[in-house]
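Labels run A, B, C, D, E, F, G, H, I, J, K and L following the written order; every chain starts at residue 1.
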């Protein structure tokens, strides 16, 4: 039967956490196929000069290992 | 004094996690009254053919037990 | 070298969790300078009469101690 | 062999946490038989006008499923 | 979109933990349809007179809410 | 909307954990208004010469920030 | 410098959790000297015929190793 | 009332985790009487030359203290 | 001195969790040498039409980095 | 009886984690008296151009509230 | 196959956490043979008159049970 | 915006945990560029013949993905 692998990424976006997750998925898709599920394990915002400059989502991506 | 009960649901939506929480609350309202508080304990996205098809929010709903 | 302090706040907003985080940051900025990073450790919604009245984000703010 | 089910309740009392646990058990006994064990997973107090008005105990009740 | 509910059970068996999980699923199937996924969150053995008399598996069952 | 702040204290009492919580609340009330909720995250007893000399309750106090 | 050892016990009492802690300490004192600190990591009640028959406190005892 | 003590062991077996638990219980029975309950808190396998050589179960044994 | 790396996989099998672990190890062996230790951090079963179709074991594999 | 308060700081140093803890304590001593105990809840290193530039220790300081 | 036992100690030293671990191991060696592995689960410093007087390392020692 | 990836390594050294972290970073630098942050999630010592032979630091390395 098939085996699933997971990796951990941190995506970021100036627009929000859902956009930051998409950023991580888009990066991952360049080298990984068959992503099935993404869990979000951490939410942060970075601040400079009293303004939010980046939303960060720590994600775990689960994908099928192809053979 | 009153007693509160909690149940765990997973709501889903193609639009985002806040919408997925509303989906779970709307389902719960069909059979439960007096929901007071909802905590979110997990955030996921499901992916098919490299596209996000569903946001999932695992929630715990707290409601007053009526007597 | 510099020292960072963290405090815990709960922000709320009728519009969503990202807005609730901004609400907490805006309150903190009245008395704290040099906020650098905010992590979100809890997400809730409060419900009255079957409607969401408030989104709540429990946040930890990290800021440089000035000397 | 027998199967055990657990549910989560929050009992409250003006007198203390042990009384709040009894309040949750008494409510549960109205509809559930064969409760065997109760674990307490959270202790809180609610405060109004600088006075404690309620002790709250978050409990998990374990009971035999009858057949 | 569909909503998933979870409940927590403890199944037991004299034969092992996998059998104890089946025991919990079989009990649940009497009243619940559309079980999709079961996670196991605790493993125990009960001992009497120095012999294992029961394996216990604490499980969480996830099932679709039908409408 | 309003913002809530939390702080962590350890109260102690020779009489028990509920009294130790009251001790922490009484200390906090000297400088903080609008305490709403107190969660208890740790219970200890200190022992000297084989006798319990102090009950300690580690609490988190949540209070409204006034503006 | 001195070394501290910890052991885990579960004390029980029909009267409450503080009494159950004392029960564990009294048992430990028969064989252990120099107990300094006891943390409580779990609170349970056992129920028979719909009545609480026992309060249980899971404790960790810290004591100086004598040389 | 009676007091329960717990100790932590790691049993191992070439045959599987249930056998590894039995190995730990059998070792414990040489010096401890009245074991009642065993929880399993960790599951590992050791590998040499690409083959599983040992299953390891980290267990906590709970037993009555005799007086 | 040598450095160990860990990766996370989810193996599956129709026969049980130990077989699911072997499935993950066999997949890993195709590209990784010197696996030493595997910890199991999650156990699940997938269900279709009221029957268990797959056991899943979430594992962490530790292996020596070769130089 | 006395009340203890805790605050969370992150100290840093180019020399190591023990030095980073001292850095946090030294900063705290400027405004806080009666620090009794410091627990370390996180260890990090920051890296620039492949070189460690800073050790960071996340600490919780416990101090007596003076009255 | 062999069985491993673990015990929990807190070692202390005026010189640092590594020395505190050695202090715990040296104490344990007086009565225990075949210690194989020590994990460190907590790091503290004790402070008197604004000076660090002791580093404390909470350790778990794993050793083979001899037969 | 940029994406960060994390991997988990265990470094070891006969000299101490800080040296073990450096050992893991040095190994990682052979194949990874742009390491920014390293968190330490576990500290162990290995013992042979009653002597510490190795300090082990379990680390998570965070690095920028280059494009």
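Operating definition for what follows: a contact is a pair of C-beta atoms (placed from the backbone, for glycine too) under 8 Å apart; a residue touches a chain by one contact, two chains touch by 3 or more.
Model, not experiment: these values are computed from the prediction.
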| item | value |
| --- | --- |
| Co-neighbours of chain J and chain B - touch as defined | C |
| Chain H reached from chain B - shortest hop count over touching chains | 2 |
| Interface sides of chain H and chain I: same vs different residues, half threshold | different |
| Centroid-based (C-alpha) most distant chain relative to chain F | I |
| Chain centre separation in whole Å, for chain B relative to chain A (CA means) | 22 |
| Approximate Å spacing (C-alpha centroids) for the pair chain A, chain E | 32 |
| Shared-contact residues (touching 2 or more other chains) in chain F | none |
| Set of all touching chain pairs, with the criterion as stated earlier | A-B, A-C, A-I, A-L, B-C, B-D, B-E, C-F, C-J, D-E, D-F, D-G, E-H, E-I, F-G, F-J, G-H, G-K, H-I, H-K, I-L, J-K, J-L, K-L |
| Sites on chain G touched by chain H in the complex | 7-14, 23-24, 27, 54 |
| Chain K to chain J touching residues, read off their complex | 16-17, 42-48, 50, 52, 55 |
| Chain I partner contacts - residues on chain E that touch it in the complex | 18, 21-22, 25, 29, 33, 35-40 |
| Residues of chain E touching chain B in the complex | 1-6, 62, 65, 67 |
